[in-house]
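What follows is subunit A paired twice: with subunit B in the first complex and subunit C in the second.
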Partner chain A sequence: MQTSTASPDTQADNLRRAAIDKSVKGPVLFLFLNGAFWLMASTILGVLAAIKQFAPDFLGACSVLQYGRLQPTHINALVYGWGVQVGLGVMLWIMARRSGQELRTGKSVLYVAAVFWNIAVTLGLVAILVGKSTSMQWLEMPAFVWPVLLVSFLAFAWPMVFMFGRAFRPEGFMVSTWYILGACFWFPWIFITANVALHCLPGLGALGAGINAWYVHTVILLFFAPVAIGAAYYFIPKVTGQPIASSQLSQIGFWLLAILGGWTGMQHYMGGPLPAWMPALGAAAGVLLLIPVGVVGLNHHLTTLGKHNLVASSPTLRFVFFGALFYPVSGAILALISNFSTGATLQFTQAWYGFQIVAVYGFFSMTVFGAIYYIVPRLTGCEWLSVRLIRNHFWFSVYGIGTIVVTSLVAGAQQGGDLNSPEMWDQDFMQLALNLRPYIIARAIAWALITWSNVWFLIHLMLMVAGLGRRSSAPTLLEHDHEEVLPQAAHA
Partner chain B sequence: MSQFRTFIIALVASFGLPWLCLIVVPAIKYQSLSQVAYDKDRDGLEGLYPPAPINRQGQLIYAREGCVQCHTQMIRPTQLALDGWRKGWGQDQEARPTVPTRSNTLRDYLGEPFAFLGVQRNGPDLTNYGWRAPDRNLIHQMLYAPKSLHDWSNMPSFAHLYTERLAQGQTSIKALKLSKKFAVKEGYEVIPTEEAEALVDYLLSLKKDYPVPGESAAVAAAPAAAAK
Partner chain C sequence: MSAPSSFPNPDSNDLDRLHAAVKREKEDLDPGHEPAPMWVLFFFMLVAIVAGGQLGPMTGGFSFDVSNPFSIAKSGDPRPGGGDGAAAMDPFQTAMKKGASGYAVCGGCHQGSGMGLPGQYPPLAGSEWVLGGTERLIRVVQHGLVGQVTVKGQNYNFPGGMQGFGAGMSAGDFANVLTYIRNSWGNEAPMITKEMVEKFRADEKRTTQWTMAELEPFKDKNLPGEIPAGPGATSPAAK
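After this line comes the complex of A and B, so read on.
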């Protein structure tokens, strides 16, 4: 920080920022660290699940490690252990910073909530493995888990709403906090609705399956997407030093997502037992979502225009940039699996897995990695240790995710073609199983690469939290040969 | 603060509408969904539709083992996919059925707390498995050692639903007849547990293509129980 040249105003700003950072430090770091642990666990489970899918006898016939139990555990660890947990950390920090509000009271409540969140996730995942799975997608954890998760989430959402309410807003419209407030508000609503409908009501039959699909889609579109877009809207201008290109585009992007997001989901069971208008609406919304997705993508693109050299040097911008790039990609894949022509081919295939991974990992997690690379040094007061580790993390993640998404989509097309091939109407599933095998092997390898990068990410993060980072006033940049320095704001 | 209020109201309105239309109203209406009677003159059938409930105990095993990850329970209509024409996926087990198996309706899953429509179709669809199921012992063998039936099978073995015990005197009639490669030690036998029996009961109860009252019957006037 160039405090020597800074005016008294900047100095006061810096002090205020430091005070805000200090007030949220403990809970945010706790969430990040636990989240990184679950991420590693989830990727290891991802490797195992992929291997078990093509070689069911791998590691013997142990009941705990069968594909039907491993796969949901892998996804749930990714969603609740990592996704929602770090999402909350990033939301809390950005909301505090952007509203200019310290976390005044209730820090201990946050710690308790975070601890209970992790206990609940642990119990839930172990329960799936030992045979208590409900087999509802993303809700496989037994019924006792969700109230704990809900209360913990609300304990974090509550102070964020207050921060937003108290915020001093000279500019009027703050797009990143809108998204984050939206996420605070949508997630509990969706979560309560789905859990009450599926666990408490006497039984909804096929409608329950539709609600389940709705839950998965809305959590992706109205929790993961807003958190990641909010973070991208915060960090891209911050690091590039340019204002968001168009406030109008960002408003359009926000409200269209808010309006369309809730209608998606039922198209997952197109051609199924649900009344035909439900999947039809979901398909229409899934395709129309291309508009807000494209608008936000364009806005991010315009904001980074002319600053692409920073993508090479700033770890934050590099991750956020690629995360933001994956948003239109996820939107395109959603449109592909939602409409009734390609969607019918890709239904019940690996493409569905590809969509979940591109949305939760490619888009959400990559953006959140960028946020973590920015936030953690400011909370711990030391800089990231190793450029090489960050670079490893980036490239292994990008190639790993790219491989998983591409192979899942191609595998989906292959599988859908096989299922629908008129030549195979009286065949058993041998050809299908054999055709699928290479793609699943590729997925296992890709998850192994990602696991490798995540192990180092976790170690790097642990060292930072332990305060063993570099003591330096200069941030860790990926390339130093560019003499052009980052704008002042990026250091703050 | 007024801006804050407008914002919240807009959020509630934009999400509340799909929430009401897709979740709340259908869930309330679903409560009044019940079995309907066949009309003897119109449908040529008697009794109630859907006739037989599924085996819930077995369905719980189906859920906890995560069978849904690879098996679907949903036949799509012919304009979307060829599910209905696949051999053996409906009541008609002929190699070339005259009409495709019908796609499913909301009532087909009546009485099930949650319909396991499935995640992926890495294995065959099980909507109407009860019609094409081989005898009990063969299903048990499939669950215990899938590769003993198809060496290419990527289905996991559910050996933990079976107990291996010392054969006393004559081998039990319940004991699995395994080929040499998959057989257990001499003098021992493999017996299905109650859970395995429940799972098989459930699989045998999967028959979701009974004619819909008032619609032309897919399988012409086949009495529900006559086929098997």
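After this line comes the complex of A and C, so read on.
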């Protein structure tokens, strides 16, 4: 335990890490705070959109508050306001720590980029609400937004790549770092390709829809997944004190994800007016992704084996463990909606929403919550105030996400099965949509639970950033009564 | 290392407390080298087989022209003759198939067997009117025939004669029926094409029925026009 050893080396190492933390403190906290705000906004919009889906008269006839505008605003706030923004914060901190490099210059550039990111997201979401949506999934924000987002992203990716370049890279350095580095390059690639193709190339026809579906899948697989896996690979050994079980498995997991991730997407339009090989390749890649997904899941399982008591006590490990658990779950759901046998049923149903939420919230966001619970005390110099709030955040999120994902999948199976059933030929589409009402009500309740937990998460985070956290050298742990947990436990 | 002076906390000079979170961290560890378990490889194989199943029949032969996941490129459009005509069926076989259904109009009198009814309707099978000059055949069917007619040495004179059927049929259907009767029940003669019928209809504007005497000059004349290569060009053995 490092607290008991005070050798000059350790002391220097502690100071170096403290200096690194201090150098990235401002930008990272700015991103976290804004991200948490957008997350809360997104979950509130999620509640409203779900209610609008089963009770269209709710909130009256104002065009701004109709389902068709609330739903894309909800998803875009989740993806750009929360997901990418907070992902950048986690990436920056992990990359700085892993490479052992302080953020030397350009902090002001990062502030400016972060401010512009939030301005662009705000304008984009307002534009969706007033009816200027482009009606392309995850790219509903008008065309003027994406260059701003791109430049802001690159402003953050640039120093990370430099940190990587300057770093001393011992064996095993790559395990979490390469995911972060990959995300730095993949997101701009995906974002530029999709936006240039969809906004600048005329006459794409049906292929435009395919590119759009490709964009959604690759942002999940080549941005959200790498950031979350990178964080899990960093925090699980850090908290458990146990090395990553197998570097071989982690290599397979990374390279197969890197190779296969970009091939998915078109299977969303299987049987559609695209050249048949495009959906077929997407379907094959979507199923093959079970391999890297399973491998990473196995590796995390082997790493946490025998340390499950820490999952109960450490907030970080609890969230990261849950998020890492949902990586294989997301992969399995992706395989379900991607292959031609079950995909034909689940296509264009509520299951698609279920997949987006399990990937962005169940997997990515839960892992990132864990990262935030670890990072923020190191940046603010105070400890999380309330065990109860953290516990509340965890359980409401878990039950909320579980409800949304399960009901969306079941609703999708019912909806798709009915639509495809020859015996239901006399049922019109609206009747089948109305049959889903109970599931949508459950979704609204689940988003309300999540909103409740996220309001408190935002308040908790704001108190921390304001320096009003607990003044103590002991971490905030969820359980203290376990005999293996030492008073000065090393895993918060 | 001095504490940052801008740090907001009043006790920011308390180094020990300030860096407590950093100090209690565990060090970064090298990853272990456990080999992947054996069952993982079997899992890989299973997944790869299922994934391969998504590719095999679904790719449409990696052609940019095929969007039907359940067809391979070679089979093309399932409609007879192919949707775009690129992979069209042999024109003679198509004409025979379509002509067979078109013949339902004729079969009422000439019978499905093409043998006609003795004393009333002349036969088509082996008839010199059918197998001979196509100029004469097409005139009979287009405009009709009235009065006495001699077929295979037998005389027929059905009251009112035969009506003209040309007005009610498109050039393509008309050509198909003619090709059909020239190649059924043992008949074998070159096919008649849609283009021939169109040209004939443009040239010949008669509206009344023909008589046997009037048709005598066309007895051995054939309609001008290209006959597509294949079994229809020669005398095929069409069944």
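Miscellaneous remarks
The working rule: the second predicted complex is superposed on the first by the 474 of 492 C-alpha atoms of A that agree within 3 Å, B and C clash if a C-alpha of one lies under 4 Å from a C-alpha of the other, contacts with A are read in each partner's own complex, and residues count from 1 in each chain.
Going forward, a contact is a pair of C-beta atoms (placed from the backbone, for glycine too) under 8 Å apart; a residue touches a chain by one contact, two chains touch by 3 or more.
Not measured: the values here are computed from a predicted model.
Once chain A of one complex is fitted onto chain A of the other, the partner contacts of A:S314 are absent, as it touches neither subunit B nor subunit C. By the document's definition of touching, both partners, subunit B and subunit C, reach A:L281.
Shared-chain residue A:K22: touches subunit C; no touch with subunit B.
Touch criterion met: A:Q248 reaches subunit C, while subunit B stays clear of it.
Shared-chain residue A:F429: touches subunit B; no touch with subunit C.
Using the contact criterion defined above for the overlaid structures, shared-chain residue A:N14 touches subunit C, although it does not reach subunit B. When the two complexes are overlaid on their common chain A, residue A:F340 makes contact with subunit B and with subunit C alike. Looking at the shared chain after the overlay, A:K132 reaches subunit B, while subunit C stays out of its contact range. Within the superposed three-chain model, A:L222 lies in touch with subunit B and out of touch with subunit C [touch as defined at top].
Residues 172, 270-275, 281, 340 of subunit A contact both subunit B in one complex and subunit C in the other.
Taken together, the subunit C residues at the contact with subunit A in this complex read 1, 4, 7-9, 11-12, 16-37, 40, 43-44, 47-48, 50-55, 58-69, 71. Here subunit A touches subunit C in the complex through residues 1-3, 13-15, 17-19, 21-22, 98, 170-172, 175, 237-239, 241-250, 252, 267, 270-277, 279-281, 283-288, 290-291, 294-295, 298, 302, 338-340, 377-378, 381-383, 467, 471-475, 488-492, going by the rule given at the top.
Touching subunit B in their complex are the following residues of subunit A: 52-57, 61-63, 66-69, 71-72, 131-137, 140, 164-165, 172, 178, 181-182, 185-186, 189, 193, 197-198, 201-212, 214, 222, 255, 258-259, 261-263, 265-266, 269-275, 278, 281, 340, 344, 347-350, 352-353, 415, 419-422, 425-426, 428-430, 432-434, 436-437.
Put simply, subunit B touches subunit A in their complex at residues 1, 3-4, 7-8, 10-11, 14-15, 17-19, 22-23, 26-27, 30-31, 62-70, 72, 74, 76-77, 80-83, 85-87, 95, 103-106, 108-124, 146-147, 150, 152-160.
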